[in-house]
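Read from first to last, the chains carry the letters A, B and C; within each, the first residue is number 1.
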Amino acid sequence: MSWIILANAKKRKARVAMTVAGIAIGVATLFALLALSAGIERSLDREISAMGANILLLPEGCPYELTLALMQGTDAFEHIPVDALPAIESVANVEVAVPVTVGKAKVNGQLTSVYGTTSQILEVRPWSVDRFEGAVVGSDVAEKLGLSEGDTLAIRLYNERQVPITQILEPTYGRDDTFVFVSLEVAQDVLGLPDQLSAVLVRTASVSDTVSTQSTLGRMSDIQAVPPSDVFERLMELFASVRQTLILITGIAIVAGVLTTMNTMTMAVYERRQEIGILRALGSTKRNVFRLFVTESLLLSVVGGAVGVVAGFVATLFLPRSSGFGLQATPVFSITFVAICLVVAVLVGVASSLYPAMAAARTEPIKTLREL
Amino acid sequence: MRVARSQALRRRWIGIVTLLVAFSQLAPAQAAETIPIERDGAAWSLSTEIAGRVPSQLGSIEIRGAGILAFDPTQITTSRPDLFQTGSFSVFDVLVHLDELGEIDLEYVFDEELQTHVIRTLNDLDGWWYDAHYEGGSFDRTVVRIDQYPVKDGMSIVVYLEDPARLEAIHAHFLEEVVRRASSNGGVTIPRIVLRSSIDELVFEDITVTAHDVRPDVFQPGVLTMLDILLSLGEQGLLTELDLEWRSEEAGISLVDGFFVVGVAAGAFAPESSGACVLTHQIAGATIADHLSPHTHTMSHIHLTADLEAIVSPEAVEWLWICL
Amino acid sequence: MRIELDRVSKAYGQGDAQFWALREASLRIASGDFLSIVGPSGSGKSTLLHILGCLDRPTEGSVSIDAEPTNRLSDRQLSRIRRDQIGFVFQQYFLNPSMTALQNVLLPLSLAGVEKGKEKASKALDAVGLSRKLRSTPKEMSGGEQQRVAIARALANDPDLLLADEPTGSLDSKAGRAVLDMLVSLNEERDLGIVVVTHDKTVAKTADTTLHVLDGRIA
């Protein structure tokens, strides 16, 4: 059968190209959507787990607004008093409690996120840093401001501090690349937040007892204890509404693809009516004709699907990378997505060919052969 | 006087105890009181003599870079006598007062184009904005003019260096309001008002708002507030129901002193009150929309009540019916 | 194989617009017969051919193949008959321009699920003298050659009856002569029943018997 389809395709290159394009557009949109969603999910997941904490202590207030501010490196007006730290550390099962004060300040004149913390940060971040001293600068900041180790940073907001850069981090592909890490004292001084913390990152000694540790910590005044995974889920919920819109757009693209293909095929059936007439005159049954057209459509859809996947891949490379949470989200590509797209392409192809194929099968040979 | 936080807290506790003792001598104040609306022909007005408590307790204000400063409200007079009655004043007046005492270094000007006081420099830095909330509330990235936000006892105020882009948007928003008001000969017509519940939405366009002197204890006569929007809608026959309640205190909050909208209906738009429901408000409009609180699931305007938010001439105001 | 038409009439359209293309036509054709049907355009001769070939059903009267009436047969069964027992050739050839001669002949066989299609196709092209043109496309062939491909296609599955509607109508006299000679030899060598419909009396004379058709009736 395939040689028949190939020969017909050669004769009608433009028609074939249009059908393939119709399917490819829908598939490309779907592929881009899948890749970008997965990318955002993974980036959020990575951000949250990159915090290194399995309990996040935040001030009272909306937890995911506070976490978002923490991830974006801005101040959120609510703070935990630093004198709560000893009590936190003394809670059973708390292995590490890392105090953190963040906010945006002018670093060498540029508004940048300043992340104040103690050397305990080294215990929860996978950096290859031996000592936490001076300023540890994220790779993006270093590149943007043209910084090298040994340079002195002028960090200023309400007060000014000069801090030498002791290390520039390797790219982490996460938010840390956009932060300047300094001591708690420097950050608090510059940000005008004396003895105030934006958050405390807690890691428990025994993971299985995390839940009870979390409730103990949560009972302390001025503090709420949040598991990062909770925040992740809630942020994903926020993203879900964005995703609804993207799904709607994809749905529209796919429907457009179906309608284009259906239209193109219906026109093709009309144009080929004499060919169909001859085939029937020479003994093909209605079913033979039906199957020919459906198979043609199937092959075209597979091709359209493949083209769509490639086009979708290329499109994601050109789309902006931010997800609206101020996070970088590189698209994730997987074989599963390719498979999903091909299946959708085939379904679209078959669905849109059913009506035209039936019309083809029902073509009365005698009518077409009488035309001169 | 620059005092440590714990000392200020201690004084506040003393203040509260005193207040409680004082209160106990008086007839017990009602926590919530329904306020009927008088409809005299087409004019609506509030028939009440209720007044809120004038600030009398030591207050505190956080000025980033300077710390937490205390102030005595009885020593403060307003720089906006066109807006406030004697005894009432704004967040900005606290700063002026602290400057007069030499505790901060403030340079400011009244910007005619924006019709508000603007901080030029504070402690030699520029680009300041503020956020505030009353007792029991939370910071919600206010865009109310700093010299219009009334001060109450127990309030939290923070003055900080704002993101330049946001500050610019806020000033652009103020300018727009003044221009809009001037172009309608000083009257205030709001291009778009939205009433929203969890399932329904109603839009009003180009509504003229007039003053009803809802808080004669705080504001001068003729001052327009958010609450006047609802009363004006009612007068124009666009609201079929408006129920107000005066609350002086609430669970855990000793001082509320404001009007709460506990019932509203406009024809088919009639959200149900299942328990503690209230109509909140939020300013809106193209210039300012991206610079409001990122909270979209609730408008945290529960505590700056409609009767205390003076308006100039906003592009849009959105009302949300929420049940707590 | 034998096809019999008994008082077959065919009408097109309805009501006032109804037009009888054929009126009470009766005829018999068997393998080995060489029949020509002559008449002016619009006389109904093509309609007669189509009904003979089970491409069309009569409005009145009956058609039988080997004494079996066809009115009870399904479209599928009729298709099978056309596939295995009858071959068609038309004036316009109706070849697929993007396929080679071999592919054109193979096409209906492939589609209808006939086994050893390729063998049969090359044999058929051989029989019409085009074994050197297996890989040529219609563009690379003359009108006569194209018609011979069409004949090969009609013959590929070894039918008992070949029905040709104006097979020389688009050809010059030389090519037309060649096609007619081919039909004669096919009839004699294979005992293939042939019915040729034409308006040309010279063409008609090539056949053993001639039927005249005028205004839908056999004279």
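Note that in this section a residue touches a chain if its C-beta (ideal position, glycine included) is under 8 Å from a C-beta of that chain, and two chains touch if they have at least 3 such contacts.
None of the values given here were measured: they were computed from a predicted structure.
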| What topology does the chain touch graph have (line, ring, star, complete, other)? | line
| field | Nearest-to-centre chain - CA centroid comparison | value | A
| Centroid distance [mean C-alpha coordinates] between chain B and chain A, Å | 40
| remark: Cα centre of chain B to Cα centre of chain C, whole Å, reads 95
| query | What is the distance, in whole Å, between the centres of chain A and chain C, each centre taken as the mean of its C-alpha atoms? | reply | 65
| said: Give the list of chain C residues in touch with chain A in this complex. | reply: 46, 50, 53, 55-56, 75-76, 79-84, 87-88, 90, 92, 94, 96-99, 103, 107-108, 110-113, 153-154, 157
| field | Touching residues (chain side chain B, partner chain A) in the complex | value | 64-67, 125, 131, 138-139, 158, 160-161, 163-164, 294-295
| What residues of chain A sit close enough to touch chain C in their complex? | 1, 3-4, 7-8, 10-11, 274-275, 277-289, 292, 365-366, 369-370, 372
| What part of chain A is in contact with chain B in the complex they form? | 61-62, 65, 68, 75, 77-78, 104, 111, 157-159, 191-194
